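Below you will find the structure I want to go over with you.
Chain IDs A, B and C follow the sequence of writing; residue 1 opens each chain.
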């Protein structure tokens, strides 16, 4: 192999406290926003119309929070997960400000945990990743952990250190976009149901299904400049574990989130990611469905115009969600469940 | 079903004179224009180049008229046709002004006719839909009628009222974009054939064919935020009437219109839609061909620089159009004919 | 056939010295840049981020050089290669200045050579094509030659004239973008390897593979408004030589160039195309791999901040490139090799 190609980091290459500055900065534009709409059919009013966002006092219809997330995530792949076996989880994700088209995103990560697997062939790497705009203001922060291969089984590794992570982002620490949600127009947004109307324990079947094609998920994943090999190379994947290309987990999150518009129409902004797991793989030809559960409802400090809902977003493949398919008492998921995602969304309040 | 998901309106929910304000406003940008080009390969000079449009005195290369149409149409789906059995026709469509990138479109509809079917299981809803820009200026108006299911066979319905619709938009009422077509450059546009060169009765085979893939039509239909289920959900469609996803009829219109560039190169703008029917369904893997017939030629009031052609655009699947495949004497279409679309186009005149 | 559709030019229609002004001008925007990223996953820092380009003194992140090339190329198809049997080669390509989003491109060609084939059924047409911005400044110039059918075997043709073409663009004539590469940030770009680090004779396997879908290449080729029939029409291609749609050769160049990021990360700009041949066809479902060879290294006049590498970019299908698959001693290519492309790239220098 040429010394000039990127072999990626292996488990033994990571050190606790190590800081990585990821290549390549990326300017997200109206073109990316349009592609995001074409890829998922997202319809949340805040991201859909400049005039709607302008009425709330924002300078632009912000880019979808998940487009920002996927772009930052993509930057980390060559350094963190090029030799990954599995992306294990997310925590402590915070969306810190709305991102307008024209913003250039860059990303850094800090290694906050390392734990070798008992088989000595791999280990789990915990990183806290931050995304910045061109003025070096943070727009996003999250933790993820990922199982990474070792280059050599006998390689020495750092001492185990597993970070203490919040089980959920504290409601008291949530912030909402600097927008006046008192001016939110429910006729334009598509639903009268506001923060006050949702109750913890409430479950919503999002009804609709979306079938995924190879072109769709590859266009999306290339848009995010995510280079993970398993998504693109049928020649090698044909000989792999599944025999086919694995769809980027973030594509599943975006599909489920877009489907959730039907039932959570006014959940226009993501404030935080509490947890997330890709519990089964998705492949081309599968049809994605989703349901949500309201886990909690919280006020936001100094805000009467909006509040936060803690939502659990579950996605399935080839299985409608009217019966709310879920893990069993032992935490085992049916094979049709593909995503279990826990996040805080911002909704306007009644007044 | 959650009370927060949209069940759509059923036939008995509509009332004559009812006004519906559709969600969600949508800002169309240069990103949407690029996607439109990528989806159809459209090459009409006016929409393709800012400099070409600027020479004619326009502030921008306007968005394709059909991109505007599909976006407005998409907004109406959740309210009008979520429970539709079939989209039956269009009439009295008018494109009122060129739409620049950056424009935010919103839409309203008025119910102008209702007619229950004799089987009491469904009925036909006639709506006049208007699209507006962010200054509430109308950019588009059209009538469509659609067969919608009843929620309950025994439900009471409004008295039948079928609107009187113009068989074609009157030539005397047509307007053309506020552009100086006397400055139209035929070398740049790609053809010397102007309004004066076309004769009523003339037929043109557009020669080329375009094969449609699942990704293509789903990207397009999501771009228009059109949520009609039949286009996206293979899991449910596999058990449906066709066993596969049905392609959005508007996608067919755009494909046929883009193909028509070859023969109608200078028909750069759509002034009106007289009528339109999707006479057979299109599916992924099919190849679309098209031919046109010049139905009429009309001057436009106070304009010497441009005129209008009334054109009939017929699209087929898997059937080249050199023999101009058409309905028979009894109005029956061959199964390969998928679209019969009647519109007024604007072309520069000789001088 | 209607006299208003474009039959394209046949070999006997071309005359030495003939000048063709191609339709249709096209404004390339941020939307096109986003689509280019989605289609190829390109990550070169200069094109990826406005802030990165701004640091070097450029007014924008320029559009990918190959997006400019494909757009100009697309304009020539209706006049030059609508009746082509094969695109035979490129030479003397020069990228004359970075192109910002918002630029309107137009194209002209001059016939610089003609040679009838001995079977009298076709001949080779050599054209020098130029691309211009809206101020009529040239942004691109290249020669290509293409085998074009004759309309009639007995038609008289021009006397044979084969142009003398440079085997490669002279290093002494190369120019680089007016940017200050001394300010190039290798951490942001993704690699420390600069111009000085590459040696003639060095070979680099770009490791990764990218599988191509029908939707992908058709979206790309329509984006370039390239109308060559073989790429789009499965109905007719099913009866053709390959039984399937042929992928536009330029799509292969862009795929290989994007793959070459892994090993040539700082080769951020293409200065010249020396030669290029599509030695085997690519089809949907194939996976593209690539390798490069450094052919030469040259300084650029009056520039200490950057230099040029002459690179040979070889692409394969369904064949990883670790063993550098290549033509044999007699110049015959294995059937898995699809592209042999020779170009000059600009890289920052050490200082």
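Just so it is clear, contacts are C-beta pairs under 8 Å (C-beta built on N, C-alpha and C of every residue); 3 or more make two chains touch, one makes a residue touch a chain.
Predicted model, so just to flag it, every value in this text is computed and none were measured.
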Required minimum of steps from subunit A to subunit C, each step between chains that touch: 1
Same-residue or different-residue interface between subunit B and subunit C, half as cut-off: different
Mean-CA-position distance for subunit C and subunit B (Å): 36
Contacts with 2+ other chains: residues of subunit A: 29-32, 34-35, 213-215, 219
Parts of subunit A lying in touch with subunit C, wherever the complex brings them together: 1-2, 4-6, 21, 23-27, 29-32, 34-35, 78, 102, 104, 106, 134, 213-215, 218-223, 225-227, 229, 232-236, 245
Residue ranges of subunit C touching subunit A (in the complex, touch as defined): 29-35, 37-41, 43-45, 48-52, 61, 187-191, 193, 197-198, 202-211, 213-216, 219, 262-265, 285, 287, 289, 318, 320, 322
